[in-house]
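Look at the two complexes coming up: chain A is in both, with chain B in one and chain C in the other.
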Partner chain A sequence: MVSLDLFLQAVVYGLIMGSIYALTSSGLTLILGVLKIINVSHGEFLMLSMYAAYYLFQGFQIDPFLATFLILPILFFFGAFTFYFFIRPILKAPEINQILLTIGISIFLQNLALALFTADFRTLELSYSQKTLALGKISIGVPHFAAFMISISVTMGFYWVLKNTDLGRSIRAAAQNREAAILFGINVDRIYLITFSLGAACLGVAGPLLATFYYVTPTVGTVFLLTSFVVVILGGMGNFLGAFFGGLLIGLTESVGAIFMPGSLSPVLTFVVLIVILLLKPEGLFGKRRR
Partner chain B sequence: MMGRGNWKFFLGLSGALLLLILLPLTFKISSYSLHIFIMVLYFSYLSSAWNLLGGFAGQHSIGHSAFVGLGAYTSTFLFLQIGLNPWIGMVLGAILASLAGLFIGFLSFHYRLRGLYFVLVTIAFAEILAILFSNIRFLGGASGLVVPLKEESLWLFQFRSKVPYYYIILTMLALNIFFCYWVRWTRLGYYLMAIRENEDAARAMGIRVMDYKLLATALSAFLSALGGTFYAQYTYFIDPLTVFGFGLSIEILIYPIVGGVGTVLGPVIGTFVLYPFAELIRTLLGARTAGIHLMVYGAILVAIMILAPRGIVGLFGKRFSPKKEK
Partner chain C sequence: MKKRLTVLFVLTLSLGIFIGDALAAVTVRIGAVLPLTGPLAMAGQRVKNVISFAVDEVNAQGGIKALGGAKLELVFGDTQSKPEVAISEVERLVEKENAVILTEAWQSFITLPASQTAERLKTVYYAPVSYADNITERGFRYTFQQEPKASDVARDWVRFLNFVNAQKFAHITKVGVIFENTDMGQSNAAAAKKYLAENGFKQVADLSYPARASDLTSTIAKLKASEPEVVLQAGYIGDAILIAKTADRLGLKVPFIDNGNINDPSYIKTIGPIAEGKLGINMWNKDVPGGQQLFEKYKAKMGEEISGIFVLCYQAIWVFKEALEKAGSADREAVRNALAALNIPASRLYLPYEKIQFNEKGYNVGGGYIVTQVQKQEWVTVWPEKFASKKPVLK
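What follows is the complex of A and B.
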């Protein structure tokens, strides 16, 4: 019999991982919604961002939470660089070519990391790594709690920008109808560039947050990429709010599921959720049915 | 029914086939080189099977390892547990894989879903199988299954020498190419290509789009699974990472795209060019630092996609390359 405390503990940690999934997936879904490209190298961007946080702490004693202010712009410009030199030339190519290109980038970055940083699992030892907050009988790690608060606020802030600013409106217009957006005087190429960079910048936040309590290794991105794919379908492709709630839901499913089955098998639950969604409501939790 | 100029096609193909048949007979080939040839033929075979669905019908699967793995595991598991003949296991595995293909196809095509759904669902499905097979001890778990050595015979699909395997995979590839050629120039092929170019138009012309997409998925899965059993019998060992992994799925689709997607020979040409090249950079660079050779590989992939998006076949004239616009 599972005790209530254990269950609540799982819920809390599920929401924490879920908030990270929400952040990584919203970047992926934004790129998918606007550029109609599946960015397979998304996971590797996250991995690089985590390594950046790791080495900034090891080398310069910069706290990962502070390092976010440094890593976010780095990832933004890295995204812009990738878009300008690699994604832009193939925007009109068949979708499979686009996917293969991002797979190529992903293979390159993953093995660059392997060559530079070796395959060792690395974890950060912070002064507050082991500190916990008590909430009744449930305890929450301090880095976990901070990561949760920050990722939720960043995702919501991002959503606010999309809803209420001119830039956000232009991005949504480009996502809905490229031609119409051009007719209304929106520089769609510039919007593409900004969107891709913003998608990468999400990982500039997620990476350092994650690095405070999760291991870093060259293949760590793959785990988050696959989960993010599921979240993106779950929320409806290109649906930002869907990715947010989908991320939390998948985090909960994994964490609560792990109580009832061997931990290494719990990712299967994520995919079971995916299959159920595809069978019953394939346009996603918040998607509108097309025809 | 047959396209114009097909006698040239067959002449060239027969010539190439004859060369490949004679190769181990006339030259003294080292075991290592023969292995490379077998792997080239094996990946040509898998890529052609992928191309049937991804190239002709335009439904891009990035989870074809699911079918290869189901083929490999079905025959090996049944051989281990009840001593079932691998050739029969091969067919059973292929049937199981086609059913899995129908299931995946149904999930991603119903409600007239299209495009990227199929990509994401295939990735997810292969990943589910990889996780499941790694965790079920009954099926060997993460350490995989070993094919028991019984005796050397064609009946048991076991040989000490590599030469018989070479001829088996060569035969499989030749049949596969012939089948693709047949599909390409019959009604089925035209239906599939119509669906690829414009699904709505194809439907308006009276093509049962859903049925044909499912058929293509099942056929492609069937052929891929046969390849899986070959791999298991050839290497005597399978584990979830090698037969269900994301890496294999990617490798299977790289060759057709590099060679020329949607053409009969594109996948084969792609494999014959890229596989030995990848092997070369692996032997040259792989020993120095881990990861360097795959970095080069990734960079080449990016370069090909930007510089020659229609693949090698696309570089030589329009006649062979399919029109491909979104």
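What follows is the complex of A and C.
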């Protein structure tokens, strides 16, 4: 029988990992919603931000949580660079070409990392890496807790920007109807650039957070990419709240599932949840039905 | 005049081709199909370095004397940790690159299809590292396995536990097992179940986890809840790092014995003090006979540290040399037969084995494991007694 403590421990970590998934998926869903592009290299952007955190720590002893302030703009500009030179030219191309391009970018970045950083696994050993907070009988790792707080804040902040600022409204307008947005005087090209860069910037936050407790290796992006796509589809493509709640849901599914079933089946449970939700609501939890 | 020039030109060309051909026959190609990119790139790249080092040594010592000093040459294929890529790489190395012997895909689940392809192409597939129980159980003639089986990991895990109890280093009755869910982990875990039961241990946990999990808190929490006195762990190095950190964070402070994947130098380097006291089945350590020498000359030439699982590959190159000398030919069938008839005694081996001799299934019956432990941030051998340099510390 599963004890309550075990269950609650799983719920806590499910929410923590879920908040990370929410953060990585928010960027992806926005790119998907606005640009209608499936960015397969999303995972590699995450991987690069993790390496950035690692090297800033190794070289300059900058705590990864503080390094987020540096890495967010770095990833923003890296996203802008990638968009301007690689994505913008193919925006009008057939979808399969777009996917092929992002797959190519993904392979390139993975191998670039392999060549530059070698395949060695790296971890950031901070003074508080293994410290824990106690919540009754449940222990929460300090870096995990901080990562959770920051993920939630950043995601909420992003949501506020989308809802309440002109920029946010422009992004949502471009996502809903590109032609209408142009008619209303929105510079859609600029919005595309900003959206893609913001998507990358989300990973500029998620990366350093993850690096405080997960290992860094050239292929680490692939661990989170598939889950991010599942969350995006589950939550409704282009829907920010969907990515947020979807992320938390999948995090909980993986963590709590591993308590009740053999651990190796928890990815299966993730996909079962996805299938069930899509059967009941094909446009995703928060998606709008296409008329 | 013009006609004579033409004849001379053609003769020279033919002579050139003839000499070129003869020169080409003076190397024997070993096909190394490794995970050079992908999640196990770290291991693949290290294997590449180690076997290049060994081949250079063999060539520097005169190459294959029975073939007139022919040099060994390595040709590489990249499996990318994907079975279908491994298959096409095996085909390329045999058909286009004329590899006479193929070696190690590393992961058992890739070795299985790769060696099957090699069998079809009637080329030796030599596995110094893969050790899933079924590798040599398929009735193949061309597959050879140098390592003891995955189930022998479990056999030696339990022999070590018996040793620990007999020598009163600890009193172990309750054992937990965690394993990753591909061929390797499942083989180790299934065998552990059997050997633990046969030896009167109580198995309190039998937990699988997905190999590339983003978080193992739930699995380790379940493990802790089962209250093991010792944990047997079957995973690859990435998950081992995650497990060590998660266990430490959740306060699970019992001895962990790994299945042979953590003796990479980066394990201690990445997790530092948490590595202290961790045990692992190992294939070699620098405190076995001849070990320190090999460790130092490898470090001097390649600038990195060699560890157990990679010495297996180093040993393989020397086994190929012996087989080629015995065969006296680079013909694939002759090489296969020579390998099958080899009997290399311990005195000529770099590994802590009894001997290298393959049975009719291609399985080396003379192999054996040691157990090493991290003591003062260094790996030391603690079992079997004939190789141990220190006593195990199990708190």
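Quick note on the criterion: the second predicted complex is superposed on the first by the 290 of 291 C-alpha atoms of A that agree within 3 Å, B and C clash if a C-alpha of one lies under 4 Å from a C-alpha of the other, contacts with A are read in each partner's own complex, and residues count from 1 in each chain.
Here is the rule we go by: a contact is a pair of C-beta atoms (placed from the backbone, for glycine too) under 8 Å apart; a residue touches a chain by one contact, two chains touch by 3 or more.
What you see is a predicted model; the values in this text were computed from it and never measured.
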Quick one: chain B and chain C on chain A, clash or fit? clash
Thinking of the overlay built on chain A, is A:N111 touched by chain B (first), by chain C (second), by both, or by neither? both
Identify the partner contact of A:S264: answer first if only chain B is touched, second if only chain C is, both if each is, neither if none is. both
For A:G141, decide between first (touching chain B), second (touching chain C), both and neither. second
Touching A:Y214 in the superposition: chain B (first), chain C (second), both, neither? second
If we overlay the two complexes on their shared chain A, which of chain B and chain C does A:D166 touch? Say first, second, both or neither. neither
Between chain B and chain C, whom does A:P282 touch in the aligned arrangement: first, second, both, or neither? first
Taking the superposition on A as described, I'd like to know which of chain B and chain C A:Q9 touches: first, second, both or neither. second
On the A-aligned overlay, A:F121 touches which partner chain: chain B = first, chain C = second, or both, or neither? second
Touching partner for A:I90 - first (chain B), second (chain C), both, neither: first
Mind checking 112-120, 148-156 or 310-318? I need the stretch of chain C that runs into chain B in the superposition. 112-120
Considering only the contact definition stated at the top, list the common interface residues of chain A for chain B and chain C. 110-111, 114, 118-119, 218, 222, 262, 264-265, 267
Can you name the residues of chain C that touch chain A in the complex? 37-45, 180-181, 207-210, 212-219, 221-222, 225, 237-238, 241-242, 245, 248-251, 266, 270-272, 274
Chain B partner, complex, touching residues on chain A are 32, 36, 38, 86, 89-90, 92-101, 103-115, 118-119, 218, 222, 226, 229-230, 232-233, 237, 262, 264-265, 267-268, 271, 274-275, 278-279, 282-283, 289, 291
Mind listing the chain A positions that touch chain C in their complex? 3, 6, 9-10, 13, 16-17, 20, 110-111, 114, 118-123, 125, 129-130, 132, 139, 141, 213-215, 217-219, 222-224, 227, 254-259, 262-267
What residues on chain B touch chain A, complex-wise? 54, 60, 62, 107-108, 110-113, 115-117, 119-121, 123-125, 127-128, 131-132, 134-135, 246, 250, 253-254, 257, 261, 289-292, 294-295, 297-302, 305-306, 309, 324-326
